[in-house]
Amino acid sequence: MNEWTSSVSCQAEDTILIRGYAIEDIIGRLSYTEALFLTLRGELPGEKECRMLDAALCSILDYAKGPAPVTARIVVSANPQIGAALAAGILAQGAHAVSPQDAGSLLESLAQRLRDGSSISTVAREAVAEALDAKRRLPGMGHPSAMKADPRADMLRHVATDTGYWKDRCRLMEALQREYATATSRQLVINVDGMLGAVLGDMGFSAPEMAAIAAISMLPGIAANAVEEMRAGSRIRMVRDMEYRGPSRRKVPKKDQRD
Amino acid sequence: MNEWTSSVSCQAEDTILIRGYAIEDIIGRLSYTEALFLTLRGELPGEKECRMLDAALCSILDYAKGPAPVTARIVVSANPQIGAALAAGILAQGAHAVSPQDAGSLLESLAQRLRDGSSISTVAREAVAEALDAKRRLPGMGHPSAMKADPRADMLRHVATDTGYWKDRCRLMEALQREYATATSRQLVINVDGMLGAVLGDMGFSAPEMAAIAAISMLPGIAANAVEEMRAGSRIRMVRDMEYRGPSRRKVPKKDQRD
Amino acid sequence: MNEWTSSVSCQAEDTILIRGYAIEDIIGRLSYTEALFLTLRGELPGEKECRMLDAALCSILDYAKGPAPVTARIVVSANPQIGAALAAGILAQGAHAVSPQDAGSLLESLAQRLRDGSSISTVAREAVAEALDAKRRLPGMGHPSAMKADPRADMLRHVATDTGYWKDRCRLMEALQREYATATSRQLVINVDGMLGAVLGDMGFSAPEMAAIAAISMLPGIAANAVEEMRAGSRIRMVRDMEYRGPSRRKVPKKDQRD
Amino acid sequence: MNEWTSSVSCQAEDTILIRGYAIEDIIGRLSYTEALFLTLRGELPGEKECRMLDAALCSILDYAKGPAPVTARIVVSANPQIGAALAAGILAQGAHAVSPQDAGSLLESLAQRLRDGSSISTVAREAVAEALDAKRRLPGMGHPSAMKADPRADMLRHVATDTGYWKDRCRLMEALQREYATATSRQLVINVDGMLGAVLGDMGFSAPEMAAIAAISMLPGIAANAVEEMRAGSRIRMVRDMEYRGPSRRKVPKKDQRD
């Protein structure tokens, strides 16, 4: 467990090899998206994989009033270090906002059931029943903030169909939506998290890789918001309308009167 | 100071606008690199800008035994959350490792002197003299770890020449190297930080934007290392050969014997 | 959901109130431990609560070769910013290392079963059976790295007995250890995480509060290691014996030969 | 440079030594504040040092609408992980908010001039003149948000006088305030950052150690705000009144019409 090993990169004869390719053969020849695929997965992507990954990486560029970019703005207003802002922005993503890995993990376990011989609709019906039973929210569904549909999910579906990545997990995601509507009479949209979890899963990405791709997709917005705030020279951003609900002013009791 | 404003994105009629473009027009049509340029700078890049930015984004993909990927590995071995690993990996970049913004800031101030009428060699000579005088290290130069040249810098130069981004800051960087050699008889290479600072500066990126681009360039490696470590099931990575140099075992004195 | 409220602090008549107490009445009068208890819980601690919390806060001060301090050292060697090192050190704590909240959450749910009328040994026996059944590790037990006992856990137990905080969750933790030994014939120690989860739970702290207390307990070590590394002037800490297990050097294929 | 060494802690005979003291001798016997002093500085504090450090650690417990606690609230609303919130809250401290290390570094360099034989008022007069000349803000002075005085600074001064830590750096800080008023006719208060930088400096803490102490002082508030937000079940905190100032909706041009 304690030996350090890496199959990602190494130094060799005055260059760095990334998955076996010399860095000087990569720079100027691969796009960032191809290089990301290579570094994560170990092999170069085909053209269609690259188009699909580009679509995924463009799907959550920014949502200016959302947690991650606002966090980045506040951080630089107190601590004018761009790295601190990017790190904090990434930490402002998780189970409640931007987590394709949650849908991805569910779809992974359901895909296993498909391989065991069940049909897509059976698997989806069971999964919906299990979630309702356990009062567990189904990940990847639900109207995003104030929008009636999720155009990001729709375009991802379009590109997935076009590139041949509309496969089992994508169909399972749609079946989950359908079975949920049947079981509850509530029609939820598949949101961008759900669609990313499905499509990236069908491309062979694992749940942690999905989370990394989502973070990279958010970084342009996180960076742009932080840079804009630094340029504006903001100092110490506050929330002005913070309402206080604690006790009113009181005196510190003497030590022997505290218990 | 305290009103919240953003010129990066907004919500409009059931979609999200990134710098005015609907997200569904971006997904599937722009590459990540184009979308990053748009989000940071406000306008779409031309083809050459895109090639140059792709080269920059591919230039520091991974260096497996370096601070950022090792940090990511240690973090997930204790806290198996990919977001924590990415954030910590980003924090492991700065003044001593991966900071094109330092060369970029110096070149920005020197470019100002060019605009004031001095020649490139004069400005470079003065800058080297000032640094030597103040015993300040010149950023962007120096042999990277155990390598005699920096092939990443060389390829960036090649792409910059090809795309027309070999401009004033790039020439200043080379002049700094030359004048440093003349002044000290020490021949230092321009390293990847220096070349990124020069090229990105000549593309119009500010110092904080350079830092963000460098962080995004490192993320494939940070993510790949973290994912590999999670997959291996590492738990609690330690440094085995930590040598202790503190006091040997002693007794805690009674309170009244402490001062 | 979107109104901002706080019951922790507010500004009032040229001072700041912490849970109703003016900051100038706190400074110089309360210890940090008392102030921490007040800020987290809303009321001042009694003397015994304070002693118990001090013991908890002293229980994981440092483990120099462990994930958090090593992360802090690597981060400052690349990015000499103490805040970045502290943040990264905190991120290097979680499910696999330093997580009293995991034992705390389990004990919380088991304490609920006690309140429903079961005995401590019954609840513990069931919990062990459930964990073994689900092949789930029981949190808070197991030999810490290379140690045959956990003196930190032993001292916490001692202080808890002394201050009256050896209550239901503590007894449950011991019963889990006992029942695990009976079920598996394996004798595991209760480690510092388990004991913290039990004691802090019996003091009324919630699982997220336990995680915060553990992080505060680690910060002296994280800070001391980072400061020592900065003082030594380390630059770019590497892992020297990183073994490469990826593909050997190869050429990037032409674009049309990639799929 | 690359050997790992620590003088903070080590493992020895089934225990952990912190600066030579066995952890089981620390737990239950030292307060957290004593243990923090020991871990950072290598020796146990005297009673007065401990009182002074306690005062410092209580001085910036929370400011509920400020950057660090708001950051922590936003982060957990998206990513319900307390460690992520604590780390992000720490990153929301720096040059513009909570940075005793800036005043501390200035006072350190001025204290050097005292040792070279100048008087406190001369050194302060020169430092003010240099700052005004360079249009540089003097750290540690200035009215804190909406307050006419800084009661935290006043109480720190009181405790410092009481414990014998009102020494050269403290006197220098006051002289800076006085000389600034003389030079500019503007009366600025010494704020909590300035007083912390002075007092902690007179206690022998280095600038990075001051930053760590400030971060630890903020953590009760950061943690309490994060916990309150988690308990309230907040999801995806947004800034509702974010005003958009970017371009209005426009169409993505075809690739050949972009340059």
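Letters A, B, C and D name the chains as they come in the text, with residue numbers starting at 1 for each one.
Convention: a contact is a pair of C-beta atoms (placed from the backbone, for glycine too) under 8 Å apart; a residue touches a chain by one contact, two chains touch by 3 or more.
Everything quoted here is computed from the prediction, not taken from an experiment.
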Path length in the contact graph (subunit A to subunit C, fewest steps): 1
Interface with more contacting C-beta pairs, comparing A-D to A-B: A-B
Turn needed to bring subunit C onto subunit D - CA fit, degrees, nearest 5: 180
Remotest chain, subunit A as reference, centres from CA atoms: D
Interchain centroid distance [CA atoms averaged], subunit A/subunit B, Å: 23
Centre distance in Å when subunit A and subunit D are each reduced to the mean of their C-alpha atoms: 33
Interface hub residues of subunit C, defined as touching at least two other chains: 4, 6-10, 22, 26, 30, 64-65, 70, 79, 81, 83-84, 87-88, 91, 93-94, 145, 235, 237-240, 242, 244
Graph class of chain-chain contacts, one of line, ring, star, complete, other: complete
Touching residues on subunit A, where the partner in the complex is subunit C: 3-10, 12, 17, 19-22, 25-26, 29-30, 42, 44-48, 79, 81, 83-84, 87, 239, 241-253, 255, 258-259
Subunit C-touching residues of subunit D, taken from the complex the two chains share: 1-2, 4, 6-11, 14-16, 18, 22-24, 26-28, 30-33, 35-36, 38-40, 51, 54-55, 57-59, 61-65, 69-70, 73, 82-84, 86-88, 90-91, 93-94, 101, 145-149, 151-152, 154-156, 158-159, 162, 206, 208-209, 211-212, 215-217, 219-221, 223-228, 230-231, 234-235, 237-238, 240
Touching residues on subunit D, where the partner in the complex is subunit A: 64-68, 70-71, 74-75, 77-81, 84-85, 87-88, 91-98, 145, 235-240, 242, 244
